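Just so it is clear, A, B, C and D label the chains in written order, and each chain counts residues from 1 on its own.
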């Protein structure tokens, strides 16, 4: 892999994303990871709407998240989304969420997506052509 | 209207539904109202899946909510959902959320839904036949 | 009232905010209204953190929302938050959510908040001094 | 470990938990896992409120989730929550979510929690006494 594909995306924590302990509820980090994926897609020319136009949905089949430091309502953060290349017909990302401006690592995570054809709802076992082209362009 | 159509539905408050003040975030009461509507639909033979089978979606066009008393994680409550009859092609409900076992009124609310045909995405200005029949049966 | 106090705040719709009909779930507009309030507070010098420093929380006691037009995942919108002055010890806002760039009105809403002292958890029946000062500055 | 500690808890999928693909948004499974933990705690005498009374919070430090099969609005499911014993000062669970009545495995997951003392906000490196006693009773 020639290049690291990394997107940085700003985040502002919503009050509604906190829980009774006063910090962001752990499940809401999966929203932040999704923000990161969408920002990555726009940055590198692979937005979700284009995937749909190609006739695919790309459901999450696995996600992991590790929590290091809390985020509170109103705080600012950066979502770092890194593409992890894979020979399989899967899209993998790693995430780091940093509290700003101190740049404290609050959470890390990973996600894996697969390609499912919308016309027959079947899992694609090989990479779709549009995705091969995208990889050839960037990697 | 001959009969009051009222459904009672139990509720358990989730930790993830609370906010940094330690109580249920006000927007989450709209989830409880939705729980109430679905429970009402099952109780009185008008579930959402049947509406879809008839070729309609019934989007919310207005919702209101008033807050009287807080709910905390793990607390039990009752959702009271009351059908409000209307001559228009609209479905209206009133809601009361009571903390149990003290039966303290925590929130009230209202919702209004309309009928939209799925085949042409147009608003139905008169009541669909299946809904007329349902009203004739119960009211 | 000499001046209209209005804040405009950009919004990007998250995939996780949509529902099975394919549009933003109606309850999530209350998150957008909250984004609008927070943006208003920063714009006009009344952020939530300062309210807390003054010893108050400002819970929502009423919210209403009317829905005109749908928003979909990835779409851009503007949250317009307008301060509605009131002689009571209440904070009132009106909201308009516009889909951009077409500037289509998707939803309207209102909210009312009250002042509750954190030391005794009691409702404040007259305006706190810090809020009087803020009003005197802007209105 | 003498006994398997497993809790089964019923689940009804909310409309508001689905996304624009028409199925439960993947992040919402973390709510179901939390439902499972809470149900486990009540079943086996370790509810969250008791942990707080002992002076601890038990934040999640890691969560994983794997997705096998979709859940739709209104569907019924079972949350299976299994305690995984550990010599460390950590609480670990495994989860299986089954769609009912077909009993199809929809998702699996794991979570790890640690003990943090509320008085000094510090991580507890050894098991708190109340937790030792709980383990001695059940394992």
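In the analysis below, contacts are C-beta pairs under 8 Å (C-beta built on N, C-alpha and C of every residue); 3 or more make two chains touch, one makes a residue touch a chain.
Predicted model, so just to flag it, every value in this text is computed and none were measured.
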item	value
Remotest chain, chain D as reference, centres from CA atoms	C
Chain pair with the higher count of C-beta pairs in contact (A-C, A-D)	A-D
Distance from the mean Cα position of chain D to that of chain C, given in whole angstrom	34
Inter-chain centre distance, chain A versus chain C - centres from mean C-alpha coordinates, in Å	29
Distance from chain D to chain A - Cα centre to Cα centre, in angstrom	24
In chain A, residues with contacts to at least two other chains	15-16, 27, 30-31, 34, 73
List of chain B residues in touch with chain A within their complex	15-16, 18-20, 22-23, 25, 27, 72-73
Sites on chain C touched by chain A in the complex	14-16, 30-31, 34-35, 38, 47-49, 73-74
List of chain A residues in touch with chain D within their complex	21, 26-28, 30-31, 34, 57, 59-67
